[in-house]
Every structure is written in C-alpha cells, then in structure tokens.
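Submitted below is the structure of interest, expressed as structure tokens.
Per-chain residue numbering starts at 1, and chain names A, B, C, D, E and F are given in the order in which the chains are listed.
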Amino acid sequence: VTGPLSAETRTKLAAVSTATLTSQLLGRGFRSTFLTGVAPLRPDLAFVGTAFTLRYVPAREDVGISSHFDNETNVQRLAVESVGPGDVLVVDARGQTGAASLGHILATRLLRRGAAGIVTDGALRDTPRFRELNLPVYCRAAHASVSSILHHPVEMNVPIGCADVLVMPGDVLVGDAEGVVVVPRMLADEVAEEALQQERLEEFVLAKIDAGAPLVGTYPPDEQTRLEFRTTQ
Amino acid sequence: VTGPLSAETRTKLAAVSTATLTSQLLGRGFRSTFLTGVAPLRPDLAFVGTAFTLRYVPAREDVGISSHFDNETNVQRLAVESVGPGDVLVVDARGQTGAASLGHILATRLLRRGAAGIVTDGALRDTPRFRELNLPVYCRAAHASVSSILHHPVEMNVPIGCADVLVMPGDVLVGDAEGVVVVPRMLADEVAEEALQQERLEEFVLAKIDAGAPLVGTYPPDEQTRLEFRTTQ
Amino acid sequence: VTGPLSAETRTKLAAVSTATLTSQLLGRGFRSTFLTGVAPLRPDLAFVGTAFTLRYVPAREDVGISSHFDNETNVQRLAVESVGPGDVLVVDARGQTGAASLGHILATRLLRRGAAGIVTDGALRDTPRFRELNLPVYCRAAHASVSSILHHPVEMNVPIGCADVLVMPGDVLVGDAEGVVVVPRMLADEVAEEALQQERLEEFVLAKIDAGAPLVGTYPPDEQTRLEFRTTQ
Amino acid sequence: VTGPLSAETRTKLAAVSTATLTSQLLGRGFRSTFLTGVAPLRPDLAFVGTAFTLRYVPAREDVGISSHFDNETNVQRLAVESVGPGDVLVVDARGQTGAASLGHILATRLLRRGAAGIVTDGALRDTPRFRELNLPVYCRAAHASVSSILHHPVEMNVPIGCADVLVMPGDVLVGDAEGVVVVPRMLADEVAEEALQQERLEEFVLAKIDAGAPLVGTYPPDEQTRLEFRTTQ
Amino acid sequence: VTGPLSAETRTKLAAVSTATLTSQLLGRGFRSTFLTGVAPLRPDLAFVGTAFTLRYVPAREDVGISSHFDNETNVQRLAVESVGPGDVLVVDARGQTGAASLGHILATRLLRRGAAGIVTDGALRDTPRFRELNLPVYCRAAHASVSSILHHPVEMNVPIGCADVLVMPGDVLVGDAEGVVVVPRMLADEVAEEALQQERLEEFVLAKIDAGAPLVGTYPPDEQTRLEFRTTQ
Amino acid sequence: VTGPLSAETRTKLAAVSTATLTSQLLGRGFRSTFLTGVAPLRPDLAFVGTAFTLRYVPAREDVGISSHFDNETNVQRLAVESVGPGDVLVVDARGQTGAASLGHILATRLLRRGAAGIVTDGALRDTPRFRELNLPVYCRAAHASVSSILHHPVEMNVPIGCADVLVMPGDVLVGDAEGVVVVPRMLADEVAEEALQQERLEEFVLAKIDAGAPLVGTYPPDEQTRLEFRTTQ
C-alpha cells in the first residue's frame, strides 16, 4: 500500500480527530506519532496530506548565511517547486526556533501549487500574514529571521525527524486544532476506517456521560453499552 | 482549619486575582504558590476549589501501556469517580507534555460530578473539545496521545508536586485567566479576606495612577492616600 | 547618529514588519536582532520606541524579597519614573519566568508617562488586565508572583541582554504581532528607508506569486520583475 | 516471584554490565530501564540491590524549610532507619539538582545498616566525602545545600519515578560504572541468567572482532560463530 | 563590615566545606548561595576570595565579534588587570556555554596578579592547560571558542547573577571540590566561626554514626551527644 | 582542495589545540565550529580525521525497535564497514542521550578498520569498556540502552548536524582533551599552518605572562613583542 491516498480514506481522516488517530496507532503498537509542541497558526483549518519532506542542517558561513536565495540550487526553493497537490511540506528544523523555517511568500506559492499544509518543528516568519493565508500551517514558534541564519537545506524527500517523530516521504499527516499526527502510509486505510468507527462509538459514550452516566459500563463501553450503540446506528 | 471551605471564603476568593493571592501568601512567607507555565484552556472561566490530587509515575510495559483502561483498578478512573462537588482534580504529571493527562470524556464526567476544575502540569488531549466544555481546565500543552503512553496513575489524595509547587489534598486552588495559585488550607479564610481588602485599595490606587498620579505616595500608598481611600469606602 | 529618532524614521519603522527589519539588519551583517520567544500580549498593537533598559539580578534575602517597595530607592520604581515619551522599557529578567518583571499598575504609570511599550524576557503579572491596557507589551510568560521573589533591580540605562539579544540604551525597538526586533541606533534611519522599499517590492512579488507565478524570476525578483515593479510605482 | 533476591541471582547480576541488562529487558519489551543522566560518584564500585524508595515533593514554608530535622517524623530520616541489608535507597527528587537529596552522614548510616547503594535523580552534598565512602552512590549532580530547601519527603516504599523510569519497591537495581538499570522484580532471575549467557557469547564475539573479523557473520553471530562459541565453552 | 577579609576569617573559611557554609547561611535565612552546576577544573585546589565581578552581555556585530582584543578598552582585559591579591574573578556569562568566558593566558595573568580563583557560569577554553595551572577555577563546561563569539564585556564590579545566585562586589566566595558558595560580606566573620564549630561537632557525630550509632539522639545530636562532644574538646 | 588530507597537514593539526583552531576559523569568518557539550571518554588521546557521517532519525515500531541488527541492510552496520583508515565516524543523533549511538563491539571493529575516532552528539554504551579501548571517542553522555530504542539509521556520508555544527562528508575533525572542532575541508591546509604559527607565538606570550608581564603589549603582542618572538625562532 504505497500509492496515492484514496479520496475515501482522505475523507475519513478529515472527519476524525488527531486524538482518535493516536489511539488507533497505539492499538497497532505505534507509540510516538503526535508532533509534541507543534501548534496550528490557523486552528480553524484542518488538513490531510502526504508527506513531502525537507531536511535542514545547521548553517555555516561557506554555505550561505544571507538573505538571498538561488532558486536553481537552493534545496528549500527546489522543494517548494516540487510539492504537488495534496502534499504537506514537512520540515526537519532540528526543533530550533531561533530563525524561521520559511515565510509567507513561499507559503503562498505552496498554496498555489496545491499543498495541503506546512508543518515544521521550528519557527515560521511573517506569522501575522500566515493568519490571513488560507493554508493549514503548524510550527513551534514565530521568529522574524530568515531561515539561512540557522538552517541550510540539504535534502528533500528523505526520512526525517520532526518534533522527534519519524516522518517517511509519503506518510500521511493529519492536522486539526490540537496538532499533527503521522500515520504510516501502509496503515492509512485501515486506521481511517477504524478511527471513524471509534469516534461514532465515543460520541455515543460521551452523550451518556454528559447525561450523567458513570464511567463503569460506559467508558470504556461494556457489552450492554455497545449493544445500545449498535441499535442507534 | 481543615473542614470544607465556607461559602463566604469561596466567594471572596472568586472575586480576587491570582496575582493578589500570591502577594498575600508572600506576605505570610510563602514564596512558591503559582503554577508556572500552567495556562487556562478556557481563560473566560475562573474557579475556586479544594485539591483532589492524582499522582502519576512513568509508565512501564508491565503496568499497561495501552489505550484500554479498567475502571475497577485504574487509579485515574477511580480518582475521577471520587471527585466531589467543589473539588479540583490536580494531576502530578511530572511536568511531562509528551502525552495527555486525560481527555474530554473524563473531563465531562468530572463536570457532571461537580468538579470545580482540572489542573495538570502535563498536557491534555481533545483540547478542541475542551474549549467547548463548561469547565475551567489548566495545562501546560495539548497532546493527542493517551496518558498510558507516558504515565501510570498510582495514588490519589497524597501530597504531590504540580509545576514544582506543593499541593496537599484539601489545599485551596484558585484559577483565573493568568493561571492557578495554591492557597494552603489553613490560610484560606484570612487570605481571602485580606486579598479582597488589598484589591479594593489597589483599584483606588490604579484609578489615581491612571489619572496621572506619580508612584511616590500612591503606589505603594502612603498614609494620605490610604486616608483618601478610606473616605471612599 | 544618536539623537532622538526622527518622526520620519519612526513613521517608516511603524509601517514595516519585524520580519523585513531582520532581513535589512542581516544584510548589514547583524544576525541576532529578534527576541526569540518574546510574544505580544496585545498583538493588535504595534510600536516603535527607543530603549530604556532595566537590569535585574537574582534576588537575595538581604536585598529585599517582599511585596513592599520603596519608590525612593528601588531601581525598578526609579526606572518607571524615568521613562519618557517614546521610550520602551526593556527588562533583562535573565530569561526567567518564575516571577513577574512588573505588573499592570506600573504599566499604567508607564502609559501615562508616554512609554511606547514594555518588553521583558521574563514574565508579567496581572496579564488579564494587560489585555485591557492600551499599551504594547511583550513577555515570555504570565506569572502572578511579584518580581522581588526572583529579581532584584540594580541598574537602569546600561547595556543588557534581553532574550539573548544585546540591547543598548537608545537602540530602536520595533514590535508587531510577530515579536520585537532591536535596531542599533546608528542604523535606524537607513534601515527604516530600505525596509520600506523592500516591503513595497515584496508586496508586488507576493501579488504575482498569489496570481500563480513560479518562484524562478519572481522571488527573489530578477531584473524583469524589478522592471515591472518600477513601472507600477 | 517477589521474595528476597537469591544469592545466585545477585551473583549473576553483579557479573554482568548494565548495557547487557538493558538488552535483555528490551528483548522482553521493556524500553525504558536505564536512569538517564544518573552517574556514579564511585565508578570503581558496582552494586546489586532491591529498591527501597523515598519520594520527595516540592518544599513549602509550612512543612519546614530549615537545616533542622526531626528523626521521629521526618520521612527521609525514617526511611534511612528502615533500609535493610541489600536494599538500595532510591530517591525521587523530581530530577531537580538545586539542592541535595541527602549528605554523607546519612549515607554513612545507610552503609552501617547494610545498604547496597544510594540512587537519586537529584543531587548529593558533601560529594568530596562520598568519594571516600565505601558505598556505591549515583546522582545527577553535586549541590552543597540541604534537601529541605527544595524537597519535602512524604512517602517511602511507594512506586516512584527516578530519572523518568518507574521504580517499584522491591525492583532490582544494578549499577556499574555506566549507571543504573532497573530490573522488574519478577524478571530478575531469568534476566540474570540470560544476561550472563549473552555476555559470554559477546566476549567471544569481541575477541573475534578484535582479531579482525568483519561484522557479517560475527556480530550478531551467525550459526557458524555460535557453533564455534559452543565448542569453546 | 565591609573592609578586607581578616586573615583569621579567611583561615576559618578555608577549613570548612561549602556544604557547611550553605547550612550556616540557611540558618540565617539565605536559601540560594551555592552555584548550581559550576564545577571545579582543579578539584584538588580550594579557595577563599572576595568577589571582583565582570558582566557580559550578548555579543553583537557592532561591538566586536573577533579574536582580537584591545587591552585599553576591552572591559574583560581591564578587569583582569584590576584584580588584586585575594580577589576571585566572578563572571556573569548568563549561564551560556557556547563559547568560553576566558582562556588560560588571561588566567595565568590573574594568577600572577594574586587572584584567589576564577568562577564563571559559562565555559572556559584551553581547559587541558587549566588542569596544569595552579589556580582554582570553576566553570560549567569546556568550550574552545573565544568569548567574543557570544559575549561582550560591559561592566566590572557591579552586582551580577552567577548561576542564578546574586554576587555583590566584595562578597566572599569559598570553593572546594563540591563547588562554590557565596557568603554575603557582612556575614563572613560570624559564618566562618560558626561553620568551624558546626564541623567539629559533625565530625564527632560522624564518628559515632560510623561506629554504628542510630540517627536518633546522634544526628541531629541531642543534649547527651552534645555533652559528650564537649568533653572531647 | 578536496582530496585526502596530506600527512603534513595532519601532523600540524595534531600539534595544535582545538582552541587555536577555533580562533583560526573565526579569523576566516566561521563562528560555529566546536561541538558544544561533546566530551572525550579518553582525554589522553587526541585525533585528526576526515568525516564519515552517519545520520539517525527517530525510531518507529515499523522500522525495528529491537536489539537485533541485520548487517546487510542496517545503515549503522553498513557505515561501520565502510569507514576507512583516517576516517572519523560522526553521528547525528539529534543531540539525544536517552539511548546509545553505538557500543564497544562496533567501536572495536572501527578501530580495526583504521578509524581515527568516533564522535556523536548523543550517548555511547559500554562506556567502561571504551575507557580501555585505544580509540579517541567523544560523546555527550553514557547510556546503556541500544540505539534502536531511539534511533533509526537512514543515511551515510550526507551533510549532518552534530551538536548544532554542520559536518560535511570529508570535513576535517580534530579532537583533544577539550573537545572536537570541525575544519571545513578546503581550509584545512592553511588553517593547520597558521594555527601552528599562532601557537608558537602564544607559547612565547604565555612565558612572558607567566614571568609577570602585563597584558598591555604582550597579549595581544605588540610589534615589540612580535620582534622579540621572531628573534627566538
């Protein structure tokens, strides 16, 4: 299972929370799938996308600490012009927030190329503008300085770490107002389906709890509660 | 002084800011009473409650790292079903934000049981749902993963550290949009009364400063300013 | 170039973003000019001001850990009453957020004295009140405790570090919703002018990117794009 | 399996490295068993012991921040006088190194009571004296201040976290010059035996590598190498 | 009490441990007097000295990030040539270890000027050479880079923070193999005397504990033990 | 200049300190060349080598968290068997010390393959054995757990960050008792020669300072001192 994500799976993933997805992944043995500390600049927007990765190393004076960029050779720029519809650009900024990973002009270009979102474990600049841009964007901090102060882009579409979580090119990323979860590509279809089922059940459970039911028998639901649930479907 | 909090004290505490309360406590020698870095998910809600504590230790594979919970034995679940009206559930998550302390279904149950609030020095999950729940909730971060990834609940109603502040069962916690302060139970009545007095005076002082008065004589108020204040009461 | 900031420069600086200013400063060799992690409490307000610095050292029992302050000798209070119109009070709190740098009554006095803003690499208290005060204020965190728990003020108008950035008395600070940038005084006029030019060009570039232009030729702009830009001016 | 540790298991555990033990535990699914950052003050001494735990919470002015201790009520003192032969005192100091967990006089008492060692995720004081004391002691740092500045002891022999690893009373701790590993009590016998086997094989493998053998076939050993190994035993 | 330290006090302070001194200071209400994380490069050397402080701010390109120094204007160099016999140079490096505070040539000059020691909350360079230099030196780390990369010296003999502890010019610093304690100048004489008394008693207590005495009655010593002690003096 | 390092340059680099090399690199504009916090396990051994890099990403359950390794496919193992004489294996462990980067058996293999050293910004395991192995090894910490708990090796000989410093394959690394400096390959020859000159001059300067000369005129050396120096050569 490695081809493009089906529309059906994409729809299901867009309908569930990142919290539910981490539970589904934990049920399959995956413990570390949520990007700790990476928060949305646009919590009103959610996204589902396939990972297009970009890797930064520390900057050094002989590889160009400046505010000028060459679109023909700079890997950050090449990555932006390689992202396709439904991709999410995921940046390994080594968790460092002392300079931006990119700014709103590149983000606008990504939006025009059909990107599903931008995720970095570093900072973004022009964040006031990002709040007006119709693109789901997640970062650890705002920082006005250009990336080249701190970061040198060296590779795209290689496995990276982002917020201490492995991201393989093609992995499925899902973001909501809580943050971003990484779903290994091969698990996307089954996790999407079961997450949807889990949420339906949990909404039923929540309604009962909200109505005053105790935890015992209700959460987790026992056989009786599950039976009641099934009769409502 | 260890019985339930009087309605009068509760009312006074609800009327003052956490900033004023830390000053009152400092005046009595208590230096560390505010939970650094613990922020409200619902800054529009404030609370006064008595501490019901829950202690987590690091998770280990033989004590259950999973997404399933047994309400009969799991201390987290037992704690939720023990919290009573006016209690605030205070979780010692060892300051770790790599998994949640609990999620919105348990929080809904706590709300139905009459809890005054939830405070953790770790993370919460389902935070988008928390923003819709009518319960004052304070945490250090959002994290989608269930608590059992990182935390194993072992005890309730024992002294704990929360955000490096001591919380004894029965201590009074007060939260506003700034954060949470811990008032030792035996000081609650007198601190409540004097905090209220302090705030009345400070509002008077603030009005003068706002009208252009210099600090000298006004803040802190000298005898003349205090006299003026008393005539306005 | 060390006199008061001209109205023209002040106006230009108020019109550009902190992101643009860091680029201008980087173009002149200055790498570290943005205050990492220092965020606005009032992101709707921006400011331009000249630095009036205040330096804190760690508190010790013989220099007064209390909630009472002497306006005649306390350097924090002397600093507040020395700040003049257009000044921004910049506090070196050693990056520590376990107590406030100051609270809203002193901030109100600063506002009445004409202060352009307040910046600290520590915390502020009474933050709910700050959100109602018509003053641009930037900090790292909210903390209800008074400054004397942690900080002892020793000097004003000396060079300080704030968020690991050098701030010299008289340096120009500019803040927007992203954060605060420090412009060395001698560079303020030229940086202001060139930042304005840069932003005009970038708005033109952004409009093209937004309309679907690729990065190559557009960002950075090549000679053709620059020519187009000039014809629009 | 919860009784005292057998002399045989103790002997085996004393003969193997903490590195080998973590591998054995990982083979059984236990990922987090080594105390990160906890180093020996006496790297020339190793130990095997059963955990006697002591839990600290943050100090507060009403629970005694002083240099005087009451042996009848102070839980730290009660713990010291409860430790028996073969026990290792394990302190949950919440990872904080701004004051000691205990000093050399209490350590001397522990030595006289037959303690196998002392382990803390905080600091120790009188460390120059510890270097002369014939007791394996592990900590994160040296700090001259007494524990009561920062810590208040509240419980003994409850589950604790130490350096973010779960320690249950009765768990087996093994220390060498690298650090300390926690072996869940029920696994001690089998892990001890298999660790010993693993080390014998690895010494054989190491000798081959040292003599110039490549990794392939040797490390991990293939069937041929294992056969060779068995003929040497 | 602010003149030079008497030879008698100096002798007493040299005879006691930093652990004992922190206890004496705590008895007088001073909680934070030990430099957390600042370790000796020469644990075989101890010192007593009066503080000569040096304050660094973050470096910036217009104040000289280079490997060349002007002895006439550089405050670091002026400080070195101002240190007198019995002084200890205490550097406020803002706790940053990404470059040195100074190196072994300046340290050799300080030794020749009679300095009692060097203390920094940052790093030192040429640390292999420091291990051969007959001067007590304390730091947080080794770093090969010159100070100007990170630090700009601005003032000497002003109050500073060092490792989050206040150091006033003229305060008495005492260092041993555990680290460094700051004794406020006015307390030096009495603390020296009482620390010596405390240590004599504790040696007596330790001998009893070492011989098998329990804590109760012995540590802290009761009246009987104190009587025994006095008969041995 | 990218071929193998000449024997002459290697000899010169082995004769100078890492402190001197950082100064030479700073003189050429390179500010960040020393690996902060990376310390030698064998401070008695120094090395000069060319970088053979190995890059780790965070581990995930589908890429093998276990204690078993396949030499045919595991990139860590392939890297070890690719290192040649004079190479130094440099590991990007993302600065994480919660598991080892490798252990002493692989290190022994590297020694037999002619490696000049091992450098990681993470931890090493079997550190007691490393202290007996005749190989210069640098790390941030000791940790008994195997690398696969935390790390998954994905690439070799790509640019990496190590302790926040850029390391390009083929860069020259020099280590002494202070730590490790990265010399960009193209600068190695000239930096080696000038570092040697600098050290000769500094030894002369140090002798004068040691004999009582003041800083002025001596350090930095003025024309007169430089003349004296040249007459001694």
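Note that a residue touches a chain if its C-beta (ideal position, glycine included) is under 8 Å from a C-beta of that chain, and two chains touch if they have at least 3 such contacts.
The structure displayed is predicted, hence computed values, not measured ones.
Farthest chain from chain C (centres taken as the mean of C-alpha atoms): D.
At the far end from chain B, in terms of centres built from Cα atoms, lies F.
Rounded to whole angstrom units, the spacing between the C-alpha centres of chain D and chain F is 32.
Rounded to whole angstrom, the centroid-to-centroid distance between chain A and chain F, based on C-alpha atoms, equals 36 Å. Note on chain placement: the centre of chain B and the centre of chain F lie 49 Å apart, centres being C-alpha means. Multi-chain contact residues of chain C (touching two or more other chains): 31.
Shown are all chain pairs that touch, namely A-B, A-C, A-F, B-C, B-D, C-E, D-E, D-F, E-F. Considering their complex, residues 29-32, 57-63, 94, 96, 152, 154-155, 158-161, 164-166, 184, 186 of chain B touch chain D. Interface residues of chain A facing chain C in the complex, by the touch rule stated above, are 65-69, 71-72, 77, 80-81, 97-98, 100, 103-106, 108-109, 112, 125-128, 141-146, 149. Residues of chain C that touch chain A in their complex: 17-19, 21-23, 26-27, 31, 33-34, 36-37, 39, 43, 176-179, 181, 202, 205-206, 209-210, 212, 214-216, 219-220.
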